Structure formats: structure tokens, C-alpha cells
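Both complexes below contain subunit A, partnered by subunit B and then by subunit C.
The block that comes next holds the complex of A and B.
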């Protein structure tokens, strides 16, 4: 068991290094600068007592957008490049299990997304303190932390898409579609209620396959975390199951 | 020479049964999580309500971001004194965030205070009656906006009272609104004091005295914002004034 954990740890470290090799650091820095510039621009408007909420929403928007793009591009790229450069097949030949590769990919991507959340939280904290909104810090940071839930699911979805579709471009498109569908889940639920027959079955299936990101606005932090981990685990298990049975 | 492979969407080789198993796993897990989701989210979309509001409700959390973006656009239109643009953007903003008191109150203030002034500035030679009609029209529109589905929201009624006092300049109606607001749950204490003050300004001291006597028991002793001692002082002053005029107490 410990040997397996150690292999997973080494795999994660290796995959994270590969992700960083794709210039993710530059992307993170650009995003932080964009949040700072956006906050500076917002400062020009007279937003009164709502200013900290606007800053928080800006940081959350930036986090969700940049997180969806990081997940959509880095996740499939890690897997597809790993196959193209024969890295993953070599790892498998040297004793790594396929499930360990999937776990390594997931943890590497989630770590990146976690850094993104921390970066946004830090930038927002700096902006709020600099502009004299320190008392609003705690709720603002809670709001930004809630953005990690959708990213956890989208990250797992990107790995699943990479396993299923095999091509980086298609997997990226599918991941971005999942991120949009998660935001538009109320529309899917509405269409499911309104339709009938085969169409209703189709909408129902889609409703089950796609998470509802509205949960992260209404549910308590623990319930939202449980929901995010459950959906991400479901996608991760499906990815591991599929990868164990497909050709390389 | 190796012939190029034809493009195919299927880049991965797997048995069909594997895909069926994966889909089954995802659907079974999704079904279980869907039950959890329904318990955690608010009521699903319905066909009722304004079309714009339904559209924004469908976008979930994105509606808050859309409202913020629209509010910034409104600010830009407001700086350019573009009345039509501001009106359109205000409607969109409120449809995106109908529960936001900040957007609603500031939208009402733009309608009540700014837009009549813009029109007057554009037409300074128009008759005074026309200027007054613009001011009253703007105030009425703003009060209507604030009281839309207000229920017993004390904040909204207080804003309507303020608009009636400062934009409509109708002290009698404003006094009634402040009095009504003061009796609502969660109303700020100053609403009751302003109601009494407006009654005094209209020469209705006896009514102001009756109001303060009726209202005083509601004021907590340990809340400085209630200013109970100030109210007791005003009550005493009114009693003295009415007594000195020989009016019944």
C-alpha cells in the first residue's frame, strides 16, 4: 500500500512539473495582474458600500474563467502529451498502474487549481486591505473559496474527457462545454420538466451527468464540499475505469 | 512512404461494452447526486415571472456577475447623461438581480433626482410647471420601482418615504410613509422620530404627541440608536407647548 502511495506521490510530482513546464506560472501571474487591474478600474466608479462585493465578484469571475481554461487546456494536454511523448506508456511499463496515472493526473490538476484559488484569495485580500475594506475580508475569502468546488468538478471532467475522447482539442472543447453546462444547469432542469417522451429521458440523463453549480451559492460550505468531492470522484472513477480498459 | 491516416473523431480504441459501463456508472452516480442537488438548491425555474428575470434566473450564479457588469455599464451611461441608455440598463440590472436593495435604491435615486435635472438642464427655458411635472413624474416612477413587491420590507418603505420627502417634496405623504415604516418589523428607529417631526412641521402637534405616546413603549432602553431619552424629551416639550396653548393633553 505504501509503495502504491509513494508511486502516486512521485507521479503527481512528475505531472505537476510537466504542467508547470507548459508555462502555467505565466498564466497564473497574468490572471493575478488582471484582477489587480480590474479592481483598479472598478475603483473609478462610485460603488459605495458595494465596492467590496464588486471586488469579490471580479475575483470570483476571474477564478472561474481562468480555472475552467486551466482545467480545459492543462488536463487534456498532460494526458495527450504524456501519450505522444511516450511518457505515460513508459511509466506503465515500469510498474505504475493505470489507476495511479489517473490519480496522479487528477491530483496534479487539482493542485494547480488550488494554487489558482490561493492566488485569487491572496490578490483579493491585498486589494481589499489596500482599499480600506479589511472588515469585509472573511466573507470575501469564503466566496472565493467556494469557487474551488466547480473547479474540482471541471478538473475531473477534463481528465475524463481526455480519457474518452483521446484528442486534446476535443477534450478541451468538452471540458469548456461542461463548465458552461454546469452554470446553465437550471435550464437543463427546466427543459427536463417541460419536455416529454424520449426528449424528457434525454434531458433527465443530461441533468444527471452535468453538475449544478448553483449548489455552491445556496448550500452550506460542508454540503457544497461534499457535493463537489462526490461529483469529482464520480468523474475520476469513470476516468480510471475507462483508462483501465482502453488501448493506449 | 506511409499514407496519412484518415481523420476520425474516434481516436481511442475500446470495446463498446466499456463505454456502456462508463455511461451506466456516470448515470447511476449522477442520479444519486441529483437527489442531493435538489435538496441543496433553491426552487427550480418556473414559467411564471418576467421574461427577463426568468432568463437571468436560468443563468444561475452568472446572473450576479451579469448584474454587476450591467451596473457598471449603467454608471458609464449615467456619466454621459444618456437617459434612454440608463433606463434600459437599469431594467436589465434589476432583472438580473431583483433582490439587490443597492441596485434598486440607486436606480430609484437616478430616476427621481438625476433624470429630471438632466431634462431641466437640457431645457432650461421650459415653463416651471413643466419642470415640476418632470420632477413629480421621476419621483413617482422611482417610488413605484422601490415599492414593487415590497411587502413589509422596512428598507424599501423607508426609501419610498425619503423619495416622497426629498424628490416629490410632499411632506404630508412622506410623514404618513415614515409612520407606516416605523411600525414595520426591523424598521430603523429614526423613521418614527421623522414621522413625529413632520407632523409638528404641519402644525399637527396633538397628533405628534399621540404618536410619540403610542410609539415610546416600543423603544428599547438599551439600544442607543433608539434614542429613547431624546424621544422622551420631545414628548415633554410637546406636552408643555400644548399645555401652554391651553390645548387638551
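The block that comes next holds the complex of A and C.
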């Protein structure tokens, strides 16, 4: 393993340990309980053969909501607290490069979001099996797994917001705005078509900058994965660019 | 051909540092044409009132921030290069050691980031804990340690990789007299082992006793720089400080 990879591995471990100490465990447990309680409530309705689809949509909604909140709160907190407690400057003084710190932050946050996806998949599988819908398991799990794409992008967006804005509250607000804008991308596309002149240029720029989360419902898995990785890489590179120029 | 031996461990030549304070691009000058040199092997104190630029001097020396103009060198090289080579150990002001690690765990993780493999990181952590007198408390959570112990742990992390230059930003801030005495002994031992140490402090009597080179800053400018003998000639550090800062 090259020295650089080894350093990134240690950085990620360090930052993940910090993230885990922000009470993330409690959040994950609460989310799992919410899905179980929601499934129990849905059971009270007579949904017939549509029941597995309702359970799946509930799990996906819970995943996207809780994932957006985890990304919006944990990502900026990791960076802003790291600066306030002088942890990040200390890591830099031990030979870590700024780009490696950004990579470490991204991987730590994506790992948390990955655990959130696994937790939802596990909970949904348990609910479907318990209520006698085992044959519907595979498409349901595929649908939940598709939720990781938007979270990958929102996670990278949260780190970019933290590097750019520097304050945890502003960065959290910007990340939540990105998560909402991604869901409302068709509205941006509509406004871009209907406007003209400078306004149209503004809407076009926004259309390029903001991802369209509808892609994850319509595109093939490989196309969706490529789309998510492209946007996440773009945001990650921008975060590294801004961090390299930041005063510490 | 041999490279010339650097005459100074740290040298500042007409260094100015401006910070951008808001989104409109307004600037605040932290250092203004600062020039001084710290000899190799010296134990140098950078003193001055709050806001005089002491921490900025250390941040520039560590390579964490860049000068707006002028030249700052560490052992004849730019701080960024010296930092990448592991020549600089740095203890930041208000460094809050993560509370959930044990002291040994923290040092091992930072040694891993510095490029040491697991056995070497473990050996380094044990040696540094002994250096700062924490060999008995290495397995205690940092959150359960006293402020003095945490500060010693902060000093231990600065010693990872055996740097030639130690930059310590107010290492004794908030410590009781016994903890200060403890820390002073460790810092003196580092100087005696051949390292150059640059520290900032507000404890004038202690640093006058401890250090052999002084830089006095006021409003971002160098008001005095010289050896311990020169300070004594001018009536002592406290006298010099009060006279210079009153101007």
C-alpha cells in the first residue's frame, strides 16, 4: 500500500471515529425504529397486494430524509469542529495534505450514509419477511439501494458547503437546500425553458450545478451510479480547491 | 558539493500578513514588515499583548498559512516544504485533544497519519508518553485527564516524527503552577536534546528564566529581538515589555 493511500486510510479512520462520537448511533437507531413503527401503522390499513410497495416507499422516504439530515449536520460539523478544536490543522502538521483531508472527510461521511442504507435495507427486509412478503424482497432492496446515489451527492455537497461557507449553520442550511433542489430539479428545468435573457442563463447554470434526483428513479443502475459518482467527484474536487486556498 | 548550513532555524524577512475579514474583501493587518531570526538550537519566546501577532508568527512558521509579502524560512526552506518533510512539530493554541480517544490511541493514530506502520506507531506512542511523563495514564480517556495532562499530550503529538523545530502556541495557558513547572521541564529537555523551540506566552517571569532568545511584538511589529543577555541589559523582560508596549 502506498504511503498516500495508507495516510488516507488513517485519516478516514480518525475522522470516522470523530463522526461516530456525534451521537450518530442514536440517530441510526431512531430511524430504524421509525421505519418499524411506520410499517406497523401501514399494516393497519387494508393495502392488499400493494402493501410491499408502500413499505418500500416508506423505507426510501425515511432513508432520503434521514440521510439528508445526517449529511447536513455531520459533514459540516466534522469540518467546522475540526477547525475549532484545531484537530484538522494538527492532522495537516503530521504530513496530511489538504486534498487528503477532504478525501478522508468524504469517505467518513459516505461510510456513515452507507451504514444508513444498510440499516434501512435490513429493517425493510425484516418487515417484508415478517409480514409474508418475502418474494418482493429483491425489487424492494434494489429500490432502497438506489437511495444511496442522491445521498452520495448530498454528502459531497455538505463538505463543499462547509469548505465554502465555513460556518456549520450556514453549511447545514445550504446542504438541506441542495437536497430539496435535487428533488425539485424538474421545476428548475421548467423555469429554464420558460425564462429568457440573463434569467435563462442563471437557470441554466443552476440546472448544471444542481443534480436531478429523478435520474435515480428512471435511469439504469449503471447510468445512475455514473451520474452520482460524477456529481460527487465534481463537488469533492471543488471542496478540495476551496480548502487549498483557505486560511487556517 | 555540500549545501550551505542554514544560519537560522526560523527567519522572517519583512513579512507582512493580511487577513481578509469579510466577504467585501476588507483586510486586517496582523503582521507588518516583521523581520527576525531564531538561531538553530535556541529556545525562543515570542511575547506581546493579545492581538500583537504571536499566533500568526507560529502559523506562518508552521506553513499552515502563507505570508502576504516577505519571506519566511524554516531551516533555509519554505515552511510548507519543511512541514511536508516532518521537520516541524506544532502545538496549536486551544488545541482540544479529542476527548473520546485514550492518550495512546491518539498518538498511535496521529503517528499512522504521519506515515508510521503499526509496530512503529505503537513504539513511538509508548516512547512519547514516557517523554511527557504520562506512561501511567496512556490508557486513560483524554476526556478524563486534567488540563495539564492534555497539554502534555498535545506536546507529545508535536514530537511525533522527531521534528527539528517545535512551535508551541501558548503551551502553558490555563495551567496551574505545578503543571507549568512540569511542562517547562519537558520543553527544556527538548532544547537540551538539540531541538529549536519557539513558543508564545504571557508568563513573562517564567519565559525569561526558560528561554535564551526573545522576540517582542506589538501591533504586528517587532519591538525588540535579542538574546537573554541583551534582555538583562535592558532591565529584564517585564521592564522591556512594559516600556515597549506603552509606546
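Assume the second predicted complex is superposed on the first by the 247 of 248 C-alpha atoms of A that agree within 3 Å, B and C clash if a C-alpha of one lies under 4 Å from a C-alpha of the other, contacts with A are read in each partner's own complex, and residues count from 1 in each chain.
Following the convention adopted for this analysis, contacts are C-beta pairs under 8 Å (C-beta built on N, C-alpha and C of every residue); 3 or more make two chains touch, one makes a residue touch a chain.
Keep in mind the model is a prediction, meaning the values are calculated, not measured.
Visitor: If you tally the residues of subunit A touched by each partner, is the higher count for subunit B or for subunit C?
Guide: B
Visitor: For A:14, using the defined touch cut-off, is the partner it touches subunit B, subunit C, both, or neither? Pick first, second, both or neither.
Guide: So A:14 only meets subunit C here.
Visitor: Taking the superposition on A as described, I'd like to know which of subunit B and subunit C A:138 touches: first, second, both or neither.
Guide: In the superposition, A:138 contacts neither subunit B nor subunit C.
Visitor: Looking at the overlay, what does A:185 touch: subunit B (first), subunit C (second), both, or neither?
Guide: first
Visitor: Considering only the touch criterion stated at the top, classify A:6 as touching first (subunit B), second (subunit C), both, or neither.
Guide: Touch partner of A:6: subunit C, not subunit B.
Visitor: With both complexes overlaid on chain A, does A:90 touch subunit B (first), subunit C (second), both or neither?
Guide: second
Visitor: Return first, second, both or neither, reflecting whether A:247 touches subunit B, subunit C, both chains, or no partner chain.
Guide: both
Visitor: Taking the superposition as given, does A:198 touch the first partner, subunit B, the second, subunit C, both, or neither?
Guide: In the superposed model, A:198 contacts neither subunit B nor subunit C.
Visitor: By the touch definition at the top of the document, which applies to A:207: first (subunit B), second (subunit C), both, or neither?
Guide: A:207 contacts subunit B only, not subunit C.
Visitor: For subunit A, which residues lie in the overlap of the subunit B contacts and the subunit C contacts?
Guide: 247
Visitor: Can you list the residues on subunit C that touch subunit A in the complex?
Guide: For subunit C paired with subunit A, touching residues are 19-20, 59, 62, 64-65, 83-84, 86, 88-90, 92-96, 98, 100-101, 109-115, 157-158, 160-161.
Visitor: Given the complex with subunit A, which residues does subunit B contribute to the contact?
Guide: Residues of subunit B touching subunit A: 9-15, 18-19, 21-22, 25-27, 29-31, 33-34, 36-37, 40-42, 44-45, 57-62, 64-65, 68, 72, 75, 102, 106.
Visitor: Write out the stretch or stretches of subunit A touching subunit B in their complex.
Guide: 42, 45-46, 48-50, 54, 57-58, 60-61, 163-167, 170, 183-187, 189-190, 193, 205, 207-219, 223-224, 226-227, 230-231, 234-235, 237-238, 241-242, 245-247
Visitor: What residues on subunit A touch subunit C, complex-wise?
Guide: Subunit A reaches subunit C through residues 3, 6-7, 10-11, 13-14, 17-18, 21, 84-87, 89-96, 247-248.
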